[in-house]
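Shared between the two complexes below is chain A, which has chain B as its partner in the first and chain C in the second.
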Partner chain A sequence: MSETKKYKKVAYYPGCALEGTAHAYNRSTKALGKELGLELDEVDNWNCCGAMEVKNIDPKIQTYLSSRVMSIAANDMGHDVVMAPCNGCYHNLKKAEYDLSHDEKSKQVVEKLSTKAGHETYKAGQVETIHALDWIKDAIGEEGLKERVKKSLSGMKIANYYGCMYTRPRHIFPEKDQGPGSESTTKPHFMDDLLEAAGAENVDFALKTACCGGAHTLSDSDTSTKLVLNIIEAAEASGAEVIATECPTCHSGLEMHQIRAEKVLGRKTNVKIVYFTQLLGLAMGLSPRKVGIQENISDSIGLLKEKGLT
Partner chain B sequence: MISAKDIEAGIEAIDPMANPLVAADSYLALAEQTLELWLYSKNLTPTNDKKEGFRLLALHRQGAKGDPSFNACRETCRELAYRYNVVTGSDRADIQQEAATGMTHLARHLALFISGKMQIAGLGDFCCASKPIRTNEQEMF
Partner chain C sequence: MPIHEKNLIRPENISTHDNLVMDGIDVSGDWSTFIKTRVVADYNEDLQDEIAALPGGEYIHRCWQCGSCTNSCTINAINPDFNPRYWIYLIRMGFESELVRDKDLIWQCVSCNKCTSACPRDVVPEAVMKATAHWLERKGYTRKSSSTVFDEVFSEQVIERGKIEDGEVVMNFFNRTGQKLTQPWLIEMVKRMIKNLPVQMLTMMGLATIFKPKTRNWGPARDAINDYIEEQEALLDEKLGPSVPYKAPEPAPTQIPAE
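Right after this comes the complex of A and B.
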């Protein structure tokens, strides 16, 4: 077996979505980590990252909320890496890190609120925030995955959908766009790399980072449905049987609007929506139940049976 | 001036398989018109400049000035330019057709995104390409 490199043991910040609509992502992330021999140490008493609601009222409160999570991981638990599988959480922790490195006022607000809340103030650079894609990519890598595959994803055509928050805005992700081996903000590829290592065939998908209208899914459902339908139809036109996701908001948006598109617009699509951690878990020999396939709205069990993954 | 509805209809009327080269030109022109719509709505005169050989990219940059949430469609524009290059640079019909088909979805996405954004300015804010780090700052502390 290939030796694991970095990130063998990390602080795990699941965030709110993974305890609710994206429970399958939580389940499959934990199951995959266990199977790969990676240790996830959940951040004690974690709080909301500030998501978008708080940020829209005052961005500095979001900076504080995210900094509190990082402070607990670093100061109370002794970690130097926090792994957040949710794109929103990942993005917000990175943004807080950027703010605290570049903006004196943000530092003052975080200091003030941390003191008031009675915990140690987070200082920029205490932890490195990574996404679940970075985690698997660096801790196991493609070669390590290849060696561990028990049920290849061979014959499965996948469109990898990264959504908007994994790469934008570019300046809060200084480790990206650093040449060979690093992630790209314009054409992300880490999920492609990992699923290909597990045997999947990645299709050429034009809308990898397109906006799914997630923030307006309730206030302007029609726009969201049209945006999602176009993403799904683009995946199908590329020959994909599955859209692999790595963001709970994108995932539930794709699932819900796929159904709504059929009901409201009369456009039926068949592509299945599955988290990349579920696909990797299946490739590692875990059962569909173990990776929470039954918790998805998108029913992929027939396809998984057909591919010999059940 | 062409409407968003006309742009969407124009995109649907193109057959990328029949003549990918003609289709690619048409998609690019419709994508430029989509961005022009956004700029006109902001009382700006759309630029005729080009960036990296594409007016589309110059128009996007113009639209994003002062409105970082507009960067939520940056990759869509870049991907359109990339696929246009694939269509015009390849002499294989299957490759041209595949790239032109990708342009259909990209041009449609751009039209949907911009027309959605013209109704709800916040579209794209979620990705925070968006919220400039210190705008709308309230002195709460």
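Right after this comes the complex of A and C.
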């Protein structure tokens, strides 16, 4: 990243999940931003990006939904950066950006729908969409984090789990795989970098970008349970006590199918599922309540006590 | 990971004879196993065009069968019969009846996009899988998959209000697919969820089920999206003919044993 510290003030797009099942991610992201002196300006009257479902009705409706969010941020609020902590939102905004600059038909549909809906049409290039990882990495950075650590995560063994939508398909992330300093689509490391700066011990985890079956978490539960169990058991085998997440679908998928594996397949696992923003918040000295630890289904309170983080 | 290919020799086409003499030679038993000739007589020459007409299937013609999709596939790793490369081959060749054999498998694609990332020809196999699953439903070969039901439940809410409320999505999905909410693992999950939950969070979640989250002044966007869907449906009907409803096969008549 050539320009640094440009993400001090960004438009914030939480998305539906962060107001529902992933409220802990929303709470911890906001608390972390506040603690680090970063300004989050929530996109006014936003709508759902389409998640993983609307594209199966028609991909161009999804492109329109995502473009509306970016249009509000750019045209109504004057932002040039939108930060989305949810992998699904982040992915869809990136995908819309790609389609609007490469596919004439998508552009026409978005223009038609925007005009009918009565708002300005989003034009490719108006905003840059970033993930919460890019946000902390750029606005604070590893050195900045190290200076601010109040309760080190030292002694905590973490498997960093990035999921699918943060890295694939790679053509919608033109800024990734650009050499030193940039994020990798095959071996992502931004979360590893940040948590290491906060003192954590990252384990060698091979399934960073494996799929948890999130798209079919309820519609094909048996498959999802198999995929999740594979991820969790691999994390435990590499010595992890915690799986750090950055996606509400992955996070709730891991929590839900960890229980389902226990109840349906009789395979009990102990690794705790925690959002990376919660871990960073704790390291910055925020209380577990402030970062929403109690709101997680996976109960990590005992482990955090043991590590002196409460 | 190796590409596991489908065995083209099917069990039902293998025949052995316990008692067979041909030209005075006894050919009974396994050593002279016969394989029935496979004849494909029902090519659908329009199959590729039909898939390409559905959203997501547009780029299927680009495929040159390298197998990167199957090789990288998440579902193939747990079920070798899940084979995107093979299905793309069948579609491009027009082998409709062969494709239909896997009608209850294709919808299981989890959209992890490993194939789309790996594909050197930008076929977007993930979207081709969705288009194919929709084609099978449209032609009446199979009932709506639970994945399609979920997509519909979810999208209806987004289009109606601009946002979703996940509790309502889950309830509607379980209702429409006839599943019980009292499965032991679900009860256990709710128990663990509320164990440490602060009271204010519980109240907030309760309120969300009454005051549904919605985008203000969403009406014009909703109308625009619904109009667009209607237009697209009409175009598809024109290209592919109207949807054929799925008819479950008649159960085999029960044999009454002769007295």
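Heads up, the rule we're going with is that the second predicted complex is superposed on the first by the 306 of 310 C-alpha atoms of A that agree within 3 Å, B and C clash if a C-alpha of one lies under 4 Å from a C-alpha of the other, contacts with A are read in each partner's own complex, and residues count from 1 in each chain.
Just so it is clear, a contact is a pair of C-beta atoms (placed from the backbone, for glycine too) under 8 Å apart; a residue touches a chain by one contact, two chains touch by 3 or more.
Model, not experiment: these values are computed from the prediction.
**Student:** Does the chain A-based superposition show chain B and chain C clashing or fitting?
**Tutor:** Clash.
**Student:** Identify the partner contact of A:8: answer first if only chain B is touched, second if only chain C is, both if each is, neither if none is.
**Tutor:** Touch partners of A:8: none, neither chain B nor chain C.
**Student:** After lining up the shared chain so the two structures overlap, which partner does A:98 touch, if you call chain B first and chain C second: first, second, both or neither?
**Tutor:** first
**Student:** For A:118, using the defined touch cut-off, is the partner it touches chain B, chain C, both, or neither? Pick first, second, both or neither.
**Tutor:** second
**Student:** Applying the document's definition of touch, where does A:297 land relative to chain B and chain C: first, second, both, or neither?
**Tutor:** second
**Student:** Per the overlay, which chain contacts more chain A residues, chain B or chain C?
**Tutor:** The larger set of chain A residues in touch belongs to C.
**Student:** Looking at the overlay, does A:233 come into contact with chain B only (first), chain C only (second), both, or neither?
**Tutor:** first
**Student:** Could you say whether A:52 touches chain B, chain C, both of them, or neither, answering first, second, both or neither?
**Tutor:** After superposing on A, A:52 lies in contact with both chain B and chain C.
**Student:** For A:207, is the partner it touches chain B (first), chain C (second), both, or none of the two (neither)?
**Tutor:** It touches chain B, and chain C stays clear.
**Student:** With the two structures fitted on A, what stretch of chain B runs into chain C, 8-16, 80-88 or 116-124?
**Tutor:** The stretch that clashes with chain C is 116-124.
**Student:** State which residues of chain A lie in both footprints, the one left by chain B and the one left by chain C.
**Tutor:** Residues 52, 55-61, 109, 112-113, 164-165, 168-169, 210-211, 213-216, 219-220, 223, 226-227, which sit in both footprints.
**Student:** In their shared complex, at which residues does chain C touch chain A?
**Tutor:** Interface residues on chain C, with respect to chain A: 55-56, 74-75, 78, 108, 110-114, 116-117, 124, 127, 130, 134, 145-152, 154-155, 158-159, 162-167, 170, 173-174, 177, 184-185, 188-189, 192-193, 195-198, 201, 204, 208, 213, 215-218, 220-221, 223-225, 227-229, 232.
**Student:** Quick one: which bits of chain A touch chain B in the complex? Just the residue numbers, please.
**Tutor:** Within the complex, chain A touches chain B at residues 52, 55-61, 91, 95, 98-99, 103, 105, 108-109, 112-113, 163-165, 168-169, 186-187, 204, 206-211, 213-216, 219-220, 223, 226-227, 230-231, 233-234, 237-238, 249.
**Student:** In the complex, go through chain B and note every residue touching chain A.
**Tutor:** Its residues touching chain A are 68, 71-73, 75-76, 78-79, 83, 98, 101-106, 108-109, 112-113, 116, 119-120, 122-131, 133-134, 136-138, 140-141.
**Student:** Under the definition above, what is the set of chain A residues touching chain C in their complex?
**Tutor:** It is residues 16-17, 19-21, 23, 45-48, 50-61, 64-65, 68, 109, 112-113, 116-118, 164-165, 167-171, 185, 210-211, 213-216, 218-220, 223-224, 226-227, 255-256, 259-260, 262-264, 289, 293-295, 297-299, 301 of chain A that touch chain C.
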